[in-house]
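Following are the structures in question.
Below are two complexes that have chain A in common, paired first with chain B and then with chain C.
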Partner chain A sequence: MNVPSAPGRRLTAGLFYTVLAAWAFAVWSAPIDSVQGVIQKILYVHPPLAFGAYLGFFCTALFGGLYLWKGDDRWDRWSLSSAEVGVLLCTLMLLTGPIWAKGTWGKWWSWDTRLTITLLQYLVYLAYLLLRGFTEGSERTARFGAVYAIAGVVLIPLNYFAIEMAAGRAIHPENLGDGSLGAGMGMPFLLGIVVVLSAFAYLVVRRYEVACLRDEAARREVEATGSEGAWAT
Partner chain B sequence: MGYMIAAYVISVGSVAAYASYLALERARLRKQLDETGSDPSSS
Partner chain C sequence: MNLLRAVLWKDLVTEWRQRDRVVAMAVFALLVVVILYMAAPPGIGAESQQHVPGLLWVAFTFASILGLNRSFALELENDALAALSMASGDRGFIFLGKAIANFVLLFGVQAFTTGAFGMAFGIDFWPILHQFAAVAALGALGLSAVGTLFSAMAVRTSYREVMLPLLMLPLMVPVLLGAVRATEGLLLDGVIPGSALQLLVVTNAVFGIISYLGFEAVLDE
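Then we have the complex of A and B:
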């Protein structure tokens, strides 16, 4: 198997570091919220992390579906890479959220609809990674993982519309809409989304490259020893 | 202020740590492949 050099690594890295610098300046110079104070600036990292996690889980399902359709191992590697980065971003969302909650609600956690579904979604994709990590790696595992990822993607719209479904019983703030942000808050928020999405692209490409190299190392080991099982993504 | 700084340090630091892990893992695998034969992507 030819180990491809991951496409776009330098481009995604350059974009990420450029936008990161602009974002840091925008967050620093953003106005202080008159109600919450400086802790409100967590807004510029927490929802963008949520969007990044959603994107990661969506890509896991999308690439998993392409793997089932085409049967090409590369789609399985993209799927696994997206899942790992998605879980990382979801972990950070689940860490920054309680920090913000402690500063504003006075408690770290609430079994609110949005928070509960987010935790469930996190555990679903964490289980996906455990499944992939604890099994030897085979076509059967990849196929099962793809079906599992596609089934799990239903939690994304469920999570997004959780507050509307809670019909006024949710403690988590509503999804942002037109006019939700005060003057001077739109740009740092937008840059936060671009930073997280470019970080997602950069990390997924790098993780994909590692997956290719691991598979190639496993393939060579099989050739050397004559044993079975050449997947190690 | 402390909560806000903690949220940013955890987020940026974790992404940087994961990117570093991937870079180290990539370097280790490339070295391993170089030792076991020619790596088509190293050129």
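Then we have the complex of A and C:
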């Protein structure tokens, strides 16, 4: 069985907790925005969560593609782990976004291109998890999941073009360019990205371990009873 | 190529002999039109017509889901799906055969639904019939391509009727937006906007390739 070695877990956990502490301090001591007030501090959480969510979605498709290519179960476990962590981060992003939006735009939601795409992508990955949950047989589940994850990622640019054409109202700010953040805001923002990325790595590694253990449990159950167990990755 | 022809012919002949799928889709589409009319009756003036293309495509999409769900459910009887996956030749041709059969059925249902919709909402489709048929066909192509791929997946899950729309709808957004904008352009100005047409063509090409390649991995060994 191939459970990731403890150093991999310790390294990601150590990195995560160290950066988390530094980030919490940096956010605490960051200046309060003169226009938006204290709510602007969501900046140090919300965009980093978005990076993490999209990283999760791309990893799901990438590992799914590797599974289809190589046929190795390990890639499928990585793919599922990335999807679950991606969905978690995306949920947090979709919760923090409206709080910020209500404070600055005056409304919870806007059908802006970026928001719409993210919501659709979130629905795609919820459907991905449901598909895996409702499919019987681990090998079939892995194949279906991989095909769906790839289709979901390939469609991001198409969705982008479609929604730009249909809506065309951009309210969400563009990517942060150099110097667009006020003095003292750059460091907590950067640390926020590192926190989310290290949390992503740590959680994916832990989820991968769970997947390995479940597969092992299923294998032992088959050995003990001679029938296929109910566990699936 | 023979495999494509055989699958297409089988699906169309089965449907011709039973006519259950296309009738169910058409009746369902009619019901959707009635419900939509009651939920959102069109007012007077050009502004009230703005939502009409969207409503029409909602009816098309719902009807397509009903039909696509049956596409592979039929193959479960007598384990025909297992036999199909054992057929020699490129599995992509099985996909194309099924997808073209689904397209033919959906296009037929679209024609019927458009007639009913035109009468209910007081819209004259005659002057734009050819262009609208092209838009409807492009939309139906996208729906059939992705729908056939996901129908083959959904049929193997424990909640297959629920699974297909969950899988399909989030990915159908570019097709639906393209088709709705194209229909809107036709109804309001008499021309199809270039960007909508471009989107439909590109999306269909991408969907076609993904579905054709993905189908290989979807059928069981």
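The rule is simple: the second predicted complex is superposed on the first by the 208 of 233 C-alpha atoms of A that agree within 3 Å, B and C clash if a C-alpha of one lies under 4 Å from a C-alpha of the other, contacts with A are read in each partner's own complex, and residues count from 1 in each chain.
As a working rule, a residue touches a chain if its C-beta (ideal position, glycine included) is under 8 Å from a C-beta of that chain, and two chains touch if they have at least 3 such contacts.
Every value quoted in this text rests on a predicted model; they were computed, and no experiment measured them.
When the two structures are aligned on the shared chain, A:140 is found in touch with chain C, with no touch to chain B. In the superposed model, A:21 lies in contact with neither chain B nor chain C.
Of the two partner chains placed by the overlay, neither chain B nor chain C lies in contact with A:32. In the overlay built on the shared chain, the residue A:123 is in contact with chain C alone; chain B does not reach it. By the touch criterion defined above, A:166 lies against chain C but remains apart from chain B after alignment on the C-alpha atoms of chain A. When the two structures are aligned on the shared chain, A:207 is found in touch with chain B, with no touch to chain C. Of the two partner chains placed around the shared chain by superposition, chain B is the only one that A:88 touches, whereas chain C remains out of contact. By the touch criterion defined above, A:100 lies against chain B but remains apart from chain C after alignment on the C-alpha atoms of chain A.
Only residues 2-5, 27, 38-39, 41-42, 45-46, 49, 88, 91-92, 95-96, 99-100, 102-103, 199, 202-203, 206-207, 209-210, 212-214, 216-217, 220, 224 of chain A touch chain B when the two sit together in their complex. Of all residues in chain A, only 68, 120-121, 123-124, 127, 130-131, 134-136, 140, 143-144, 146-148, 150-152, 154-155, 158-159, 161-163, 165-166 touch chain C in the complex they form. Those residues of chain B that touch chain A in the complex are listed here as 1, 3-4, 6-8, 10-11, 14-15, 18-19, 22-23, 25-26, 29-30, 32-33, 36-37, 39-41.
Across the complex, chain A is touched by residues 146, 149-150, 153, 156-159, 163, 166-167, 169-171, 173-174, 177-178, 180-181, 195-196, 199, 202-203, 206, 210, 214, 217-218, 220 of chain C.
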